[in-house]
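Heads up, there are several structures right after this.
Paired with subunit B in one complex and with subunit C in the other, subunit A is shared by the two complexes that follow.
Then we have the complex of A and B:
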């Protein structure tokens, strides 16, 4: 199966002040990757880097190599729309030039000059799946935090991406709504053969959906399973009960993975 | 401290966002507001801060009609932490951001400096005091807004999903500030989807559902 992410011991210097890497990330088409890390660990920079949102002058290649969807990550790419990114602050990501939710969702496909009928179908599907039909005529800037995040996810998936990067993109949603939305994304990505990268400082719900997990610390990514419990407790927000359990352990996470199982909730099967 | 009587609010004539809300919150109490997305939690908090005007009913702060108070009087009494912290930071350095509210209160410059330094230390921001708030990571950025409240020391704190952006380290810093504020007698009303955070700090809870606010604990 094709690799959506094929990054091998890559190190880049960003803005001359932050080193991203070394990191080795391999992600197959259709799979989910969770990148956990505390505040300032470089999650948002990594998200920008993966989707090509960092300006060329900001990135200096130091070591290693990386490909995203088969293209060199360090080179400008005309197919950037196949990588969609949802940020943590929804209001900062709205286009600012659309005065209804409907127009906001249609904005991306219109810029791809897709046929009007195709745009209408995509917008209706996105509105329905993310339960945003009642919001269609609202101004995006008047939405609540949770509503705004649903709309932005619709804006991302209406582009039919091959890589979806969620940078703490679900934080404004209630716990129930978070799982509902992730189930919708799961259905979408199965249909579109899209891969998902979730960048989070909370273990759940990302751990429920992502087959692969890494921990980012000061820009450097290392396998989640090789972490010691104390490191996890230090960098990632965990349920209190799990934290108590983990602090009594000294083996790495791979060896005590069964301790996480009672806290996991399997993603629901796609039924849309 | 805060009394809400028969308050209603709608976004436009046909939208009843909140109806007949009645709350009496005493000084020193801690309340959490819960409910699904889009039910009006942030709207209720903005009404309690006087940032929105009720369609009907009245909000009283210490027995005075909130609508009659001047902005500077409300700012001295009420500290507000917005859900989108970027919307409340507009100075080019952390230091200036913290000083701003104190300067508007026309406090003596020595007191402004004293409180600014105290807030920087309490919020672990001394090392980034001269940086632009928007150049900081999300945890520090939110803590800058908290530092502004810390410096102003208002008796009523209105916090919109305060715990969401913090990793374990910054959550610890925030917890310490909140606990200190509580011990100093601050009244706290917060919106939260985080059950562990809610259980840790709040004795009373309000559930908003279909436009009505119901006290559940």
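Then we have the complex of A and C:
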């Protein structure tokens, strides 16, 4: 299977103030990757870098190898519609020139000059899947935080991206709505063979959906699997029970797996 | 009618006011004001016209009537009369403003923005033209968030007029800085949604236009040229 992300010993230096990396990340097409980290760990910098939104003037130098969707992002640093980046603040990412949610979702496909019928199908599918039909005629700027995040995710996914970067993009949703939205993204992932990178400061629900997990601490990345590192407690928001076990340093993998199980809901089958 | 036709009509009517002699100008300026008053849906806009034109009139009168000058120079002759050109200027501004209010009433912002995006204009230019019309909602929301944050820090937005005036700085300075900081995020978001990727985009909801409307727009613009030319010629003969 083709690699969506192929990053090898990548170092991004922000004028000696902050250094991201060295990090090595590989993500196959259709796979999910979770990058956990606290405030100032470099999550948003990594997100910018992955989608090509990092301005050249913002960094001193970049070393290593970085291929995203087959193109070298060290040389070709520009935003592309195949890489969608959804950030924490939804209102800033609206086009600003659409007066209804329906038009807002259609804005991207219209820019791609797709046939009108194709656009309507994409918009209807997104509205239905993200349960936004009742918001269809609302002004995007008047939506609540959670509604705005749903609409923004719909806007990103109607572009049919190959890489979706969620930079704490679900923070305004209720726990139940978060799982619903992640299930919808799962459907799109299966259909479009899109890869997802979730950048989170909370372990759940990202750990539930992502096969690969990385802890980002002051720019340096360390992958982890079932065996949770004790340092996770300092940087990531964890359920209380799990936190207690990790602090006791009795890292019995069976015990952790047992503790994790109540939080691991598992992705729902795509039935949409 | 198409929003662009209304826009050209407004433009023709407002610019024509510049070429008219005072007696005709008075009647010319009464027309849009009368329509605002007669048209029930537009009637509320008369307050906006008054709020803009009355202080403007007072300001023009204070500056040009020489009343202030005679007051401070302790001159025995105090003149309250305003020169004719000031009256004409005020009437021209009234035509511009009242006719613009009618245009705004007839063409809602969303229809005009839709017309811009479905026109033959390049997408970037259409967005640039629509920009000022779109700022209202976004600034309103940012302002509400800043107000909330400043209230939490103890800034009071109630009280006397002077106290409220003092709160303008803690409101406007973060608004300005935040708007500038948000530009990068907004431009990245537009890039991600393939904005300006292709010279033309799909139009889902085309704005209806009669066949004769482009012709009417050209005629109105030609009328302006003729009026302007005639006015220039008349002035040249008069001075010469």
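Rule of thumb we're sticking to: the second predicted complex is superposed on the first by the 242 of 272 C-alpha atoms of A that agree within 3 Å, B and C clash if a C-alpha of one lies under 4 Å from a C-alpha of the other, contacts with A are read in each partner's own complex, and residues count from 1 in each chain.
Criterion: a residue touches a chain if its C-beta (ideal position, glycine included) is under 8 Å from a C-beta of that chain, and two chains touch if they have at least 3 such contacts.
Treat the numbers as computed from the prediction; the structure is a model and nothing was measured.
Chemist: If we overlay the two complexes on their shared chain A, which of subunit B and subunit C does A:190 touch? Say first, second, both or neither.
Modeler: In the superposed model, A:190 contacts neither subunit B nor subunit C.
Chemist: Which partner does A:147 reach: the first (subunit B), the second (subunit C), both, or neither?
Modeler: Touch status of A:147: first partner only.
Chemist: Look at A:51 in the shared chain and tell me whether it touches subunit B only, subunit C only, both, or neither; answer first, second, both or neither.
Modeler: second
Chemist: A:159 contacts which: subunit B (first), subunit C (second), both, neither?
Modeler: second
Chemist: Touching A:133 in the superposition: subunit B (first), subunit C (second), both, neither?
Modeler: Once the two structures are laid over each other on A, A:133 reaches no partner at all.
Chemist: Once chain A of both complexes is superposed, is A:114 in touch with subunit B (first), subunit C (second), both, or neither?
Modeler: After superposing on A, A:114 lies in contact with subunit C but is clear of subunit B.
Chemist: Give one of first, second, both or neither to describe whether A:72 is in contact with subunit B, with subunit C, with both, or with none.
Modeler: Neither partner.
Chemist: Does subunit B (first) or subunit C (second) touch A:95, or do both, or does neither?
Modeler: A:95: touches subunit C, not subunit B.
Chemist: Give me the intersection of subunit A's contacts with subunit B and its contacts with subunit C, in residue numbers.
Modeler: Touching subunit B in the first complex and subunit C in the second, residues 89, 91-92, 142 of subunit A appear in both lists.
Chemist: Tell me, which parts of subunit A touch subunit C in their complex?
Modeler: 51, 53, 55, 78-81, 83-85, 87, 89, 91-97, 99, 103, 106-116, 119-120, 139, 141-142, 155-156, 159
Chemist: For a test of understanding, state which residues of subunit C touch subunit A in their complex under the given definition.
Modeler: 109-110, 113, 117, 123, 127, 130, 134, 137-138, 141, 182, 184-186, 188-198, 200-204
Chemist: Going by the contact rule at the top, pick out the subunit B residues touching subunit A in the complex.
Modeler: 11, 35-38, 41-42, 83-84, 86-87, 137-140, 161, 164-171, 193, 195-196
Chemist: Which positions of subunit A touch subunit B when the two form their complex?
Modeler: Of all residues in subunit A, those touching subunit B are 37-40, 44, 88-92, 142-147, 150, 168, 171-177, 201, 233-237, 239-240.
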